[in-house]
Structure formats: structure tokens, C-alpha cells
Amino acid sequence: MARAVTNQRKALNTVIAWSIGFLIFFPILWTILTSFKTEADAIANPPIFLGFDWTLENYAEVMDRSNYARFLSNSILIAGGSTILGIIIAIPAAWSMAFVPSRRTKDILLWMLSTKMLPAVGVLYPIYLLCIQLGVLDNRFALVVILMLINLPIIVWMLYTYFREIPGEILEASRMDGASLKEEILYVLTPMAVPGIASTLLLNFILAWNEAFWTLNLTSVDAAPLTAFIASYSSPEGLFFAKLSAASTMAIAPILILGWFSQKQLVRGLTFGAVK
Amino acid sequence: MKMVSRALMGATALCAISGMALADGHATTITIATVNNGDMIRMQGYTDQFTEDTGISVEWVTLEENVLRQRVTTDITTNGGQFDIMTIGMYETPIWGANGWLVPLDGLSEEYNVDDILPAMAGGLSHDGTLYAAPFYGESSMVMYRTDLMEAAGLEMPDAPTWEFIAEAAAAMTDRENDVNGICLRGKPGWGEGGAFITAMSNSFGARWFDEDWNAQFDTEEWANTLNFYNDMMQASGPAGFATNGFTENLNLFNQGLCGMWIDATVAASFVTNPDDSEYADSVGFALAPDNGLGRRSNWLWAWALAIPAGTQQEEAAMTFLEWATSTDYIEMVAANEGWANVPPGARISLYENPDYQAVPFAQMTLDSILSADPNNPTVDPVPYVGVQFAAIPEFAGIATEVSQEFSAAYAGQQTIEEALATAQAITNEAMEAAGYR
Amino acid sequence: MATQSSRSAARIMMAPAVFLLLVWMLVPLGMTLWFSVRSYLPLRGGDQGFVGLENFSRFISSSAFWPAVQTTLFIVGGVLVISIVFGIMLALLLDQPLWGQGVVRILVIAPFFVMPTVSALVWKNMFMDPVNGVFAHLWRFFGGDPVVWLTEVPVFSIVMIVSWQWLPFATLILLTAIQSLDSEQLEAAEMDGAKWTSRFAYIILPHLGRAITIVILIQTIFLLAVFAEIFVTTGGAFGTRTLTYLIYQRVLESQNVGLGSAGGVYAIILANIVAIFLMRIVGKNLDK
């Protein structure tokens, strides 16, 4: 009896959850579907859901017009590079905040977050001039550094909350065994924090991938990532929904796939120390 | 973790490949920033041809209009040197030319035949008589209408209609039952969108942006008449949500058969007569933009042009490309491959003298529209500025965008026309005072 | 517990991160302050000299300033409320036993991976368009008059687009928090005959306190900077101009860097007021 009720309830939950999931996902699904339509079908009235002539011509045209491989590799390099560089710098900082806290630790953390509050567009000209001076316009490494700095506060904070959940006794035990500070971080602490570090990596990779102000304004050819790729397909004169959908699908597909494969990791790690 | 490291390895490999492809290229490479309109995309497609002919490689930075403007303006004003050629319009060219930021185009070759450029275009792309950008294509605006709907309404479109007739025809063609709107016009905020349309329209109502002492003129009756006429007509015969419609939205509506008339850029003609894009392609007619008998029509003048920033390392190669892309040879090459209807219009006199091109249905009306716009003398009353749908001063883009936002808010019913005009007047005078004009 | 040596080691290890962020904060901040007292007009040839506090008074006395502050707060607040309320509901739902939980979770978090520009373009053109949008077709299907989203309810439309992007983030964090809830405690409460509402109010909600704090904090930082969604949809018209957007207009559309920089200073002040306000209300949740 009880079993049947549970199953009934489970079925109800399933229906509701799937419907909501479908609704939330629908805009993305619609974009993907539109990318396989002709421009005329894309604005058909009433809209056609599945029964249109599926075509790959939009993808062919986008591939023909743009050097997708270069945009993609730049996106991966800039997002990946900035995230990894950020983690390397953030681990020691987060370690010291978590295990040798002082009265000012919380203030420093909040100050770090507050550096994200300066509106980017306000400093476009200064930063642009600075980049000219340093000769780093359209330079991948410069973008890696800038995006790293933008996301560093979040990285430090996430790592800090993970490290704080690691019991101090383990570290003390390793110290008793004569481990140096470096060994302690490398061989004891880091392995224990792997889930946390992994989800920090993922979240910041996503944030860096989607950053569209600096990546668009400081690049032209060599360092231009997928955000610039999208800007060449939005709102031209003429019909563009289908081509824009194809370009959008190509821009979000890599990150979507990465996200799907790693979503368990992301869910496990996205706690910000909220779970105790 | 594994995923990430594998992805990174993949990225490194990809970079290595693309790096090699670059290193393998030609000795000279120029970088061109351009807008993502159809004619430029087509030009991009002929890059290989150009590289083959000249040995110069081309890197394209193709961006949508707003982003492009932001990008090239930042670069030119800071002397960033990111581009060897920039695609700019009639608004930017005289301002940048005056600042000495562009290479003057006074050394063009004999074969290029600079005198073949339409005088209206050359005039708008010059400062103090020196040409600073070569027009790739030029446009004005005109009425496009559905001949079948016009006939059904029992009316006949004159070649040079008045606003009175347009409003009457719009009301007659409107069929709310079948979602047919008599008229579709731009209302979208932005100086290059709804702002351009209403400014060009206001010229035919005798209005102007500034008097000769740079005082804003939005408190005049002419502006009130313009906005009220526009708004009344659009409320009665326009599509829902016209306050957010720009060129693209209206093109979609027209091609779907939801508009009786559409007044917009002449380049739209090749889209609305293309059977691949529209099932109504066979029943489209053209007419001059309307007037009110005051001696000025409501059409604008615009050119997308190629300019070379002063200080580029590749001036010679850039000049070679500029001449190639805006030459008559280029036009003939496109015509040979894709037909005369697809060549970049509005730049060359010789194009309109070509009998093959005269056979294109919208050719003559495009030329007549371009010829009837005069950027040096755009309004009924005299003005201190140059430009039909804009005033070629650095402050204009910012002011006009804010003003057009006020207008759009009025179209959307968030405020009255009077309130919008009062705010526009205040914004403009405030900005002009800050800039030291008044 | 910490020895003197580990204390100094800690300082050294914190140094790179603190130093880099200090530079990253001070250089742009310094430049913003410098430009804010100068008349810097790129299209008129650049720096025109010192103008004192003129930019500050001009920026704040502009008729656009206070509405922009209001809009900013409205958008931030609206998105926070929507993403937290719906986030809690979704998290509770996803925590229930159901078939295909993994797939549903994927569907729900997917919007977080979409670039803001792309999502704004998709929403504007394919959903909110009053003639061709999916919503318009739905409305007509049910016999209604299509809503002209971007002019009739402009701010709400933007809140909706931004919420769609941030709801997954809130849901994820709240879900992890709910999953860590001691289920025995809940069952015991159920045995005792506690109603669903009181179980939610007295057990679940307090447990989520810290997670909610974190959602508010992180999202606020990103929401104050919302830009692409406005740029693509309304261009700042119809009362959707936020402070960030106003600064954009001053810097790039009006090409007045000095005025925009003054706006940047105001934006920092506003962000800090919001931050202090938030700390007062929710900050104590962070201490534990």
C-alpha cells in the first residue's frame, strides 16, 4: 500500500519536474531546432516545430564564413588558461585564510569581492590605452591575465570555503609526520579538496567563457574568442534567425557538452561552503 | 578533471594547427573591420580572388553594426592600430577626416576613376573637399509597397507621393482581421534606427535639429507635427510593437506579407524582390519617399565606405584593397557571378548608365532617391550642420540616441508626444551647452 | 593554534593574490578617478584638461540619473526574488524521488551555460517578438492579444531574461544545501504531525539560510553589471536604463570619457551601499 502511494507520488513528481525542465530548456531547444531551418522556415507563421525540411546549410555557411576553429581554440585557451592560472594563485591564498585565519580574513575576502564592482565600461578607455602602451592588444595572454583577475575573487572564495571544511587534525597529523608546508599543501590538502577544486575550475571556466566585454573590446583577429564570433552573426541587414541560431548553437555547444558531462561534479562542488 | 585536461590538450593542438596555417601565409596581411551586411559578406567571399591577384592576405573582423562602431571608434581615437581598413559611414568620415585620423584618398590611381563616384556620396565622405573614404555601397530611402494590396484598396501609388496620400493608403490597406498592416516604419530607439527615420521625415515637415546658433528646435510646431503625424498613422495602420521595430524587424514583416507599405533603405529592395526570401517578391512596387510640398523629401543618404586609418603599417596594401573592392571591376565580377541585382549599389555613376543594371526593377528609383537627398542642404530652413538624417558633429550620436529613446517611449505610450519633445529639447540643449556650442 | 611561523608563511602565500587584486583594483580605480576630473573627449582629440568636479555634478544632475539608479535596484531585486523563490521550489522538487533526475537536472542548469548576448538575442527575436515570437503565437492560440513585451513591460522582460540565466545557479546551490539536510529530522517532524508549511518554515528554510546568503551575494555582484541583455533588447529605452548602461552611453555613445568616469565612481558608491545593506541583513549568516 505504502509502496503504491510512493510510486504514485514519484510519478507525479516526475511529470512535474520533466515539464518544468522542458520549459526551462525550451529556448535552447528552439534555438537548436531553428539552426536546422531555412531562413524562410525560421520566420514561418505559425511556427513549425519539427515538420520542416531539415537542412545543414546554415552550418555550412557559418563554417565557410568564419574561422570557427580559431574562435573556438581562443575561447578554450582564454577560459582555460585564466581559470588554471587563477587556481594556482588562489590555492595558497585560500589555504592561509582557511587555516591561519586572522581577524581580518573576512574583511579581505569581502574586499576581494568588492573589486568586481567597478563597471567595466567605465574603464574601457584607460585599459585600452594601457594595452596599447604595453603592446598587448589582441593578445591571448593579456586576456588570460585580465579574465583571471576578474574571476580571482570568486576562485579564492570558493576554495576558501572548501578548505575550511577540511578538519585541521589531518593537517596536524601530517605535520607531526614531518611534512613541510609545501608537502602539506601538495600531498595532503590538495587531494582532499579535489572535488572542490574541480567545481571551482568548472564554474570559472563557464564564467570566463561567457565574458563578453573585454574579450570583445580588446581583440580583433588573433585572440578573438567565440563572443566575437557571435557578434558577427547578430542583427545584420536581412534575414538572420537561422544563421544566428546555428552560430549560437556552435558557440554554446562546447560549454554545454562540458557542463553536461561534469554536472555531477558541478552540483557536488557548488556549495560555497553553504553545507555543513 | 580529466574532461578539462583533455579539452585543454585539444585546444593546444588546435592552436598549433591554426598557428601553422597563419605562419604559412603571405608576407603582407591586412586586417579589415567590417559590418555584417550582405554586401560585405559577399565581398569577404571574394577574398581569395584578391589574394591570388595581389599576393596580399586579408584578415576579416566582421561585427554587427553597433559593436563595430564601438570597436573602431575606440581604436581610432586611441590610435590603437588594430585595423588597416575600417568600414565606416557618412557620419564618422567627415569627423574623423577633420581630426586627421584617416589617410586622405587623393592619390587614387587613374584606372580607379574617382570622378565616377556619385557626387552625393563623394560629398558626404569628404571633409574640406578631400575624400577620406571610398563608398562600397550607398543608399537612400524609398517607399516599397505591395502592388496587389494597393490595387485591392483601389488606389494607385504616384511616383512621388505625399504624406497625406501615404496615410490614406495605409488606412485603406490595413486589414486587422488578416494581420495586414498598412504601413511599417522604424520606431526602434537608436540614432541609426528610428532616429534616422524620424529625422529624415522631419526634414519634409520643415523641421530641423538645430537653428543656426545650435539651439535645439524640438519646441517648434514642425517637430510636433512630424511626431504626431507619424504616431497617429502608426497607431492606426502600423504593426503591434512598432516602437521596437528596426530595419530587420520590418523586413521580416514585409517578407511575410504583413505590411502594405514600408519606407526604408533602398538596399532593402534586393531583399524584398528575392523569391528565395519572400513569396510576395513579384508584387513589390517602388516610389520616392513622401514629402509635404515644402521642397524637401523624407529620404536619407548613407554610404558604407572603406577608410584607411592614418598610421597603419600597411598603407600601400590597404590602398590596393580599397581600390579593388570599390572599383567598377569588382562590380562587374559580382554581376558576372551572381547577377546584377546583387552588386553593391549606389556608389558609381557608371553603374546606373549600364543598360544591364537599368533592367533591375529598383535601379532607377534608387538613383532618383539618392539624387534627391542633399546632405549640404537637408532642411527647409537653414542649418549649421551637414547630413540628412544626422548632424555630422561628434556629439550627435549620443544625443540622438537619447532623443530617439524618448520618442520610442512616446510611441509605446509611456509618455505623451509633448512630454517626449520637451525632454528631447532639454537633453539636447544640455548636451550642446556641455560641449560648448551654446 | 597557529604558530608565529605559520602566520608569516600564510602572509607570504596570500601575497600574490592580494597584490594582484590590489593592482587590478587600484590601477583602474586610479585611472577612473583621474579621468573623472578631466574633460576627456576622444572625438575632440582626447584630454582637454582639468575640470574639477564638473563631471560629477553634471552626471548626477542629469535627468537620467535617479531613474537609472531605481531601474538598477529594481532589476537586481527582481532577479534575486525570482531566482530565490523559484530556486527553492525547484530545488525542493528535484530533491524528491523521481525518474530521470539526472536528465532533468541537466535541463534545468543548461541556461547557465548560454552567453548573455545569445540568450538576449534568442529571447528578443524568437520569444518576445510581438508578431513572430513564440509567446505571441501562444497568446493568439488561446485567443488573446499578444503582449508587446519590450514596450509594455520592459523592465519585467529584462528581469525575466536575466532570471532565466541565473535561476539555474540559484537552484544548484540551494539543491546542494537541501540534499545535505538531515532527512531523519524531517521524518521525525512528519511523525510528530507537523504540517508541510511548518516543516518548511522551521526546518528547511533556516537550513537554507546560508545558501541563500551566498546566492544573494554572488548574484548581486553579477547583476549590478548586467549589460548585454539591455544592449540587445531595448538599448536602454522604455525605462530600462541601468546605471551601468548610462555609463556605457556616456562613454561610448556620447564619447565623453570624463563624464562616464564620474558615473563609474557613482556606480562604485552604489555597489558599496548595496553591499553594506546586504551585509547588514544577511551578513551574519556568513559567520559561523
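Order as written gives the chain letters A, B and C; numbering starts at 1 within each chain.
Definition applied: contacts are C-beta pairs under 8 Å (C-beta built on N, C-alpha and C of every residue); 3 or more make two chains touch, one makes a residue touch a chain.
Fair warning: this is a prediction, and the values are worked out from it, not measured in the lab.
Centroid distances built from C-alpha atoms place B farthest away from subunit A. Between the interfaces A-C and B-C, more contacting C-beta pairs are found at A-C.
For the pair subunit B and subunit C, the distance between C-alpha centroids works out to 35 Å.
Taking the mean of the C-alpha atoms as each chain's centre, subunit A and subunit C sit 16 Å apart. Counting partner chains per residue, subunit B shows two or more touched chains at residues 66, 70, 74, 78, 252, 256.
The multi-chain contact residues of subunit A, meaning those touching 2 or more other chains, are 43, 45, 124-125, 231, 234-235.
Counting partner chains per residue, subunit C shows two or more touched chains at residues 42, 131-132, 252. Those residues of subunit C that touch subunit A in the shared complex are 1-2, 6-7, 9-11, 13-14, 16-18, 20-21, 24-25, 27-29, 31-32, 35, 40, 42, 90, 93-94, 96-119, 121-123, 125-127, 131-132, 134, 137, 164, 167-169, 172-173, 175-177, 180, 210-211, 213-214, 217-218, 221, 224-225, 227-228, 232, 243-244, 247-248, 251-252, 257, 260-261, 263-264, 267-268, 271-272, 275, 279, 286-288. Remark: subunit B residues 1, 3-4, 7-8, 10-12, 14-15, 17-18, 31, 33, 35-38, 41, 44-45, 59, 61-67, 70-71, 74, 78-83, 247-248, 251-252, 255-256, 265, 267-268, 271, 276-277 touch subunit A in the complex.
Residues of subunit A touching subunit B in their complex: 39-40, 43, 45, 65-67, 69-70, 72-74, 76-77, 80, 84, 124-125, 128-129, 132, 137-138, 194, 198, 201-202, 205, 216-217, 220-221, 224, 228, 231-240, 254, 258, 261-262. Subunit A contributes residues 6, 9-11, 13-14, 16-18, 20-22, 24-25, 27-28, 30-31, 34, 43, 45-47, 89-90, 92-93, 95-97, 99-100, 102, 106, 108, 110, 112-127, 130, 149, 152-154, 156, 168, 181, 206, 209-210, 212-213, 226-227, 230-231, 234-235, 241, 244-245, 248, 251-252, 255-256, 259-260, 263-264, 266-268, 270-276 to its touches with subunit C in the complex.
By the touch rule above, subunit B contacts subunit C in their complex via residues 66, 70, 73-74, 77-78, 95, 99, 179, 188-190, 239-241, 243-244, 249, 252-253, 256, 258, 394-395, 397-399, 401-402, 404-405, 408-409, 411-414, 423, 426-427, 430-431, 434.
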